[in-house]
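First subunit A sits with subunit B, and in the next complex the same chain sits with subunit C.
And then the complex of A and B:
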């Protein structure tokens, strides 16, 4: 049967995107997880995966078109009843002429990320008055960003667009290098997500200073003994420690949505990556807790490289269940990070530095690291947060067991 | 009337009845406890002494009987003012009002107009529980042949009865129970009050609040809050619920491009529903946001104060509904 493939929301606060290129053509067969298109969003160019198996019947939206989240972009012939809830209905009614438009949209992962509870519509959201005004002023509404309810375009949006220099009527120019544009869409996306976080989430903060001398020594010894390609970064130890602590203590790795918190069954630690052009993204290392350190390190390297090239996968951006943000390179002692909704916790790491420390009653130089936790007070309390930090620290001090 | 004076809504209604009794010998007041007791809400207190039993008539507790008698008196050339204690009890007289008062003029080819005025208290807010607190205006506003009005201001409370008595059709005047103690300035405009037409109660530019009755004051409270947010709300007081003044509503909505209807009636099948659809029918291309409604919760109005408050279209709910039209922030 024919299923609709719609533009998914690639992370919180994404309202629309531009398809840059298709990796599929009509007649091609696709499998769940295949990268089928590249979409330009506020977060850069993102590889979009498909979540159904089947044959591509039709590419509905041509490259270069800016479209709202939820727009049908391709039609896929599927065999899978789960991806096509209309199949039963069609059977009962003798399978007569149910058009794709009449079929309920397939359940899409990540759709709720858009922040709106309204069902996505194929149509451009624009008020009747704005549509009429746009016609009168000859404004291209497809290029506008709506500020009304549900992201609808209002008269004011149209009038402001009119006041601004008119965009070129030709097809949009090639997008800037992905991830660039510090002053542009990414800044807006960060602003929206962080404002929402500080507005909605009652953060509490804890920090603890850990003597990681033994761990850094272990790391140095380990790296001296393996080929360059297998060397580990301290961050890899930290990511794994966080993942294991998440598995031990519920309440830090999951999502708070519509007034309810749910622990995520899988732990995907996101790593905040600063981009060279400014801004940052936090893609996930999938199933972090299950991976051996070397695999984790490979994933981590690949992720940073692709993040900086602006070639992240949609699932990697939407997946993190908790994030690590490390400002060690910036030589700060501690970070007090802001949670990325709908997550409920974020771990910060400062620089590892040699400092005076008391061991056995004597002040000695040691390698110290300050770990911090920003957590959602709707979900956990400081006592549990303290245990969580302590478990991360304990794991970190036994690197051989990671 | 000489110069502005501060009086209560109750006093304004009483003055209007007194004036009518003085001006026209055909006018009389009839209803349960309007005489010796002075009216269930003390509106007619003192009028029995002033005008006597012929013109201030206590009736048996039988709504169908005395409303029917009022209709008969109107047919016979009198100008009766019939008081039904609350709209809740008027259901016992519904047959008289809908099948007789509203129809006779039409069924007789215009030979028998029924110039009766029926006053009813309406609405909640005084902890009188479900059987005394409902807002059933929409049911009467549904019926052709009736005029239905609801004064919400002191001037309208003072002036609408005169206009109603001058009208050849049966007129239902709804008086919100919660407004009897409302105090305000009586102005000279009260002498010019018309029976029909909505009125812009407060001028604004960003959103239109369409309302009537006690909710007018909920809307003014909400508009004050919204003004502090930089949202400039216009308030349209319907005044007449049948006929509805589409022109005034639509002129306002065309200006503000957003409408929230605030109605103490229940949402389903409400006046708010009717007004909302008229806005969509006539003003679709002027809208910048979906039409919104704030109505009473769909429960029999509860007795406990906190539950009664929660059931009514409180200013906070109006403010929230308006904010939703401006952003997706929540």
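And then the complex of A and C:
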């Protein structure tokens, strides 16, 4: 049967995208999880995977076209009816991202890790800043020769190409998309998602201060004993603790859609990553609860690097079932986090700092961390939220068992 | 590798682990943290890259000695020669 492959939504805050490149041609065969296209969005250039097996019959949308989420971009000949439900991927009018049925699927397959790295390797090396500049200046980056590290195209390369006389007269460049400046489009997207969150979700907030002295000591000793490639960050311990707490207590890791909440069978903890040009993305570390710490840390590192390079995969942006936002590096004591719909909870972490604390009736200096929770009253109450935070803290205090 | 070559190599590694940093704008005497919001993740990635590319294993306790391009050159030079 012929199935429609539509432009997926990449979270609650994406309305449209521009196909930059296709990695497939008519006649090519595709497998679930293959990266088939690169789409420019407010969150950078995203690798979009396909969620069906079959043969490409037709590429419907040409590169360079800006299209709304849900637009049919390619037609795929699939072999059986089993692929039919996923063909409606993100076809929901709300643009709420992948359906629970579709989202966890790619991560269940181990081959995804290795398989999907092949396609992006031949991608143009260009920084997100240079890509934005190229768009603003109407410069064709594919024709440029990069002078940056590893042949990467830099902002300077783009500007020089613009300065050089063009071989033929070109029409005046179209006005740049709204907010094309540094983080502009992304700022609009964040504003839209957070406004919706504050409008629709009755938040409640809780916080608890945890004495993490023993955990930081364990971490220092661990990192001194292992090779540099196996060193861990505190945030990795936190991510794993959250994932395990989600397994123990329902109501925090899942999606609220069309008036109803459902826990997600798989726990994918998203990590909020601040981008240097401004803005924020929160891609998921897939199947967080099942990963040993070193694997989790490897994935976490790769994810942050790709987020900052603007090379995330669509599934990673749509998958988070809960998010961690850690502002420890910004030296704040605590975060009062806003939920990203359709999720129903978000955990915040402030800076770990040495402060006075009472232990056995004496005031002593300890390493303290304030954890916070923003959660959805449509699903849980403060009492359950308190238990959830307590379970995260309990896990965090047993780092060797993570 | 002389100091100039080393500085160039370090810069390559910085832009590799932080692809959103423009190498041309790096000021050697100013901490990466102050210039580019380098965080603990960047520092860890940098330490791993130094180990992989230059064969130098930097203990966590010495991370502060890698804070800027100048400091990196000063710290790594004697360890490479």
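Definition applied: the second predicted complex is superposed on the first by the 301 of 402 C-alpha atoms of A that agree within 3 Å, B and C clash if a C-alpha of one lies under 4 Å from a C-alpha of the other, contacts with A are read in each partner's own complex, and residues count from 1 in each chain.
We take it that a contact is a pair of C-beta atoms (placed from the backbone, for glycine too) under 8 Å apart; a residue touches a chain by one contact, two chains touch by 3 or more.
None of these values were measured; they are calculated from a predicted model.
Engineer: One more residue to check, A:309. First (subunit B), second (subunit C), both or neither?
Structural biologist: The answer is second: A:309 touches subunit C but not subunit B.
Engineer: Please work out whether A:276 is in contact with subunit B alone, subunit C alone, both, or neither, and reply first, second, both or neither.
Structural biologist: Second partner only, subunit C.
Engineer: By the touch definition at the top of the document, which applies to A:202: first (subunit B), second (subunit C), both, or neither?
Structural biologist: In the superposition, A:202 touches no partner, neither subunit B nor subunit C.
Engineer: Check whether A:329 is in contact with subunit B, with subunit C, with both or with neither, and answer first, second, both or neither.
Structural biologist: The second partner, subunit C, only.
Engineer: For A:155, using the defined touch cut-off, is the partner it touches subunit B, subunit C, both, or neither? Pick first, second, both or neither.
Structural biologist: A:155 contacts both subunit B and subunit C.
Engineer: Between subunit C and subunit B, which one touches more residues of subunit A when both complexes sit on the common chain A?
Structural biologist: C
Engineer: Using the superposition on chain A described above, determine whether A:26 touches subunit B (first), subunit C (second), both, or neither.
Structural biologist: neither
Engineer: May I ask you to decide whether A:301 touches subunit B, subunit C, both, or neither, giving the answer as first, second, both or neither?
Structural biologist: Once the two structures are laid over each other on A, A:301 reaches subunit C alone.
Engineer: So subunit A touches subunit B in one structure and subunit C in the other; where do those two contact lists coincide?
Structural biologist: In the superposed arrangement, which is not itself an observed complex, subunit A uses residues 127-129, 148-150, 152, 154-156 for both subunit B and subunit C.
Engineer: Mind listing the subunit A positions that touch subunit C in their complex?
Structural biologist: Those in contact with subunit C are residues 127-129, 148-150, 152, 154-156, 220, 223-224, 227-229, 231, 233-235, 274-277, 300-301, 304-305, 308-310, 329.
Engineer: Flag every residue of subunit B that touches subunit A in the complex, lowest number first.
Structural biologist: 257, 284-290, 324-328
Engineer: Over in the complex, which subunit C residues touch subunit A? Could you list them?
Structural biologist: My answer: residues 11-12, 15-24, 36-37, 39-41, 44-45, 47-48, 51-52, 57-61.
Engineer: How about subunit A: which of its residues touch subunit B in the complex?
Structural biologist: Contact set of subunit A toward subunit B: 115-116, 127-132, 147-152, 154-156.
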